[in-house]
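By written order: A, B, C and D. Residues from 1 in each chain.
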């Protein structure tokens, strides 16, 4: 999937007005343990900060956590901003509890459809473990240890 | 419904090998309080005992409690036995948790169909209160106090 | 004191004579288990790694609390399907065990009716009996079920005479039996004299002991479900008195199955006191090597007919078993108010209770004044009854029990058994504890009597009305009536 | 000690100036509530018979425990439909009350985004915001909701600045507001200095007091949900310190909302200790007439994604609130792991918890050694922190709080707030109690520190391994991971 040389580096943070950061914290520990450089931005992170951090560490991927239910709204436009910033092929993941209505959250194909439309490469439910996230990114980056 | 002069008397008991008697006990108290003569037979009562008691007190009705799930089986033949004993028009009620399989118990029209087939006048789920049972019998006997 | 029965171990001669002449001939499948050596050998092999008593010991040593769901459907296929479902989907294995229900015809030895029920179930494609008719199916089918399950199993075929059922169950590698006598009469019987019931059960207890002596430890259930509406003093007395009967026959592992009244502190007090007194009385009579395990049996009164309320009941009953530090929590299901439990319902209960255990982290109710008082009251009542029995029976518990029931100083409410006087009146107090409103002829120590009445006065005060009979009736359905109905 | 903020009551002048210049202009709907007299009059009428504080008092007097479900959807129609459903189908009325969620854009004063969310919800026919955007809808819609519900209501719009939200809520006859400061920064903020947060909240507290003084009693939430993973010592400190800030502004009714860690004894100890210390500190500073009510807020960590496990959580959290004798039990629902609660989910929770209350008969955890020890440890920690703050702040709690956070001797784990040092490390012990593994710069009395470490050593021993960082991480998800996954 990735067209570039993997750099083993990720940006992790919780987007928008979302204050949840425990999931991101767990992810940070796991990615560091897996040998990644991590820019961990905490919570309540505006889109632009993700991009700035990605440029700064030359990130392979941005891992957007969204827990509070408005991820479908907060993630709009991120892919475009990435492209504008020259991060054309950066991998975008979203994860958490990304939709406030149960109708959507329990209809996972619909969640996937929406995030694909938003230009994300993958989206994860909150049952995804940190190890699962690491494994997925490694696979997408073609990293075999 | 009743073709005879109501006598305000009932037989109450739990049929077959069924040892549950608290429901019957509650019914007994309620029918006595409502001015009925009650022959309370307790639990583990064979069909014939119901009939003997009904004859003895010249009962308007036999109230068969069946809790342990095999009421559909235990009640077979009671109507015939009544008829043979000359209790042609005696009212027969069944009540409790009359069927072991949830498929039947949660499909009340099916329970009703089966008890109608067995010659019962009414069948009650275990959410029926003692007062409800008294009211039903009074109605069927045409008793208005 | 002209009782035939005595609390004396059955001789081997007597045991095998009864076995041959009385028990195995009860139904044709008795023939399959004539060779007791073969049975023991098969049981040993079949329950290897799934032994009931050993699992209890292991769990206690590791500080793990087990879960015990209950299940029973007419046909063997339904059984295997159900057990497998609960063990895998419900996550019962490995920290669980089974209580398997037989049906009520089987329990009354009416095997012809059970046969008709099997037939009928096949025809209707549904389970028309309220349990699995173990005697009709016989030992090979029971072994098939044993093989299909990953966890220890015991049979609940409680009624007058469970001897043939237990023979088949033990021969199939299910490793539980029953230490019953008063419990059964009170719960399920109508006419049988207690003497006869004790005699019958001496056989079952001895059977369990023989398996144990031959290398297949059997753990019997010594239970106090009674009418489902008994004071903890009565319940504990039933358990303690039965422990002496079972121990005399050589039982080494006893599971004390305590019917819960859903009154947290009183239930915990019941569980602690009855275990303590079982140990004490057994030791006093020289049965020093009996080991006891404890369990909470979910409320035996009317359950609510809706999912969330039923889940509240499952949770609260499990919470009491957890807080009492029981070896296992027995489970009812969301189907309780309706019909025999489904596999889905039981799997749900296991999930719920397992998660509760997880989030409760094994915390137990700490020792405290209130608990001590309840324990003391139960203990006083039990001691009074036990001593009175032993006195009346000249040191023989079996004799004393019979005399006590006859005289009515052993008594409870709501039994279908005609030998029970039923003169006591029982009611809940303001905190839901079960009290004697009228102890009838039960020789309650004055202190206990006053304590109960004082507690009931608290309820009258709280509700601003005199105690009355309506309260007794309302208590019976307090947990089953949904709000707004 | 050059802090701008002081724990001093806002003058009316200052209050109304802020109201006019800072609060009402935050969004156009502010204009609708310019006339405070009209607002108070309307609130009085609308909450007649449904007053939040009065309902608490009444319930306490009658010995009834209330239930408090939570709900918030984007559109007013969804709100009314949901409240009605839970009140009738769930049986919430009459012994219940509501916490209504606003959405997170509203909480961050991003009303433009909230407007877009409303639009989007209409278009999609679904609730796309995680709560009801009270500011965008304004006071008349809030009054419509008030009229539709039969029970008292309060707003949860917790974040930096809830002033305009609370203005609208109070003017609509919802009678709750928040006594917040440290709680909010720790839970929801990123950058705001504590001084500023305290200043903002002095306004909200004063507003609640003004309504109260004018005849509409307002009960504020003083809460310690914090990060959801805090020691009870920290939680109690947050509540006690905030009580002084709120009381100074004239608040007379405070609801102490305690985030539960699901450790029975420790949680009960938290609830008892924090109420006791709130009363004591308030009295010491001359706020003798503040009344306190208590509630348990269900576990604020990861929930399990399946019905039965979620029901176990609902039951256990409610059981803790019951056993602690709380005035109300706040409820989460089976939807917790997935999305904002549905009306069906919340109705189910109400049923479950109500039935649990019924079968628990109001029993509470008796006083006992273990409870006393936990209480003593929490009390020591809180006193140490309180005194240190008062010392540093020269008797001014607001100043002391700010200095403590700055210096890092007030500290917790996992806050998104950058002013929190986050040097402490917290972990569960063998009984699930939350302990300091590393207290960082928190000045724990030696006794407390040793107690925590000793308890953690118990866990290491039980699990047969050294304490490690993996345990910290695993603890975060201990209640959400289903067996076999």
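The working rule: a contact is a pair of C-beta atoms (placed from the backbone, for glycine too) under 8 Å apart; a residue touches a chain by one contact, two chains touch by 3 or more.
Bear in mind that the values here come from a model prediction, so they are computed numbers and not experimental data.
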item	value
Subunit A-subunit C separation of Cα centroids, rounded to whole Å	55
Between subunit A and subunit B, centroid-to-centroid distance (C-alpha), Å	67
Whole-Å separation of chain centres (CA-atom averages), subunit A against subunit D	30
Distance from subunit D to subunit C - Cα centre to Cα centre, in angstrom	45
Residues of subunit B whose C-beta touches two or more other chains	none
Chain contact graph, described as a line, ring, star, complete graph or other shape	line
Touching chain combinations (by label order)	A-D, B-C, C-D
Complex contacts: residues of subunit A adjacent to subunit D	14, 16-22, 25-26, 29, 42-44, 68-70, 72-73, 97, 99-106, 126-127
Subunit B-touching residues of subunit C, taken from the complex the two chains share	103-105, 107-108, 110, 113, 116-117, 120, 126-130, 159, 187-190, 227-229, 301-302, 305, 335, 337-340, 342, 345, 414-416, 418, 469, 473, 476-477, 485
Residues of subunit D defined as touching subunit C within the complex	63, 91, 262-265, 299, 304, 306-309, 311-313, 315-316, 319, 348-349, 351-356, 358-363, 365-371, 428, 430-432, 462, 478-479, 483-484
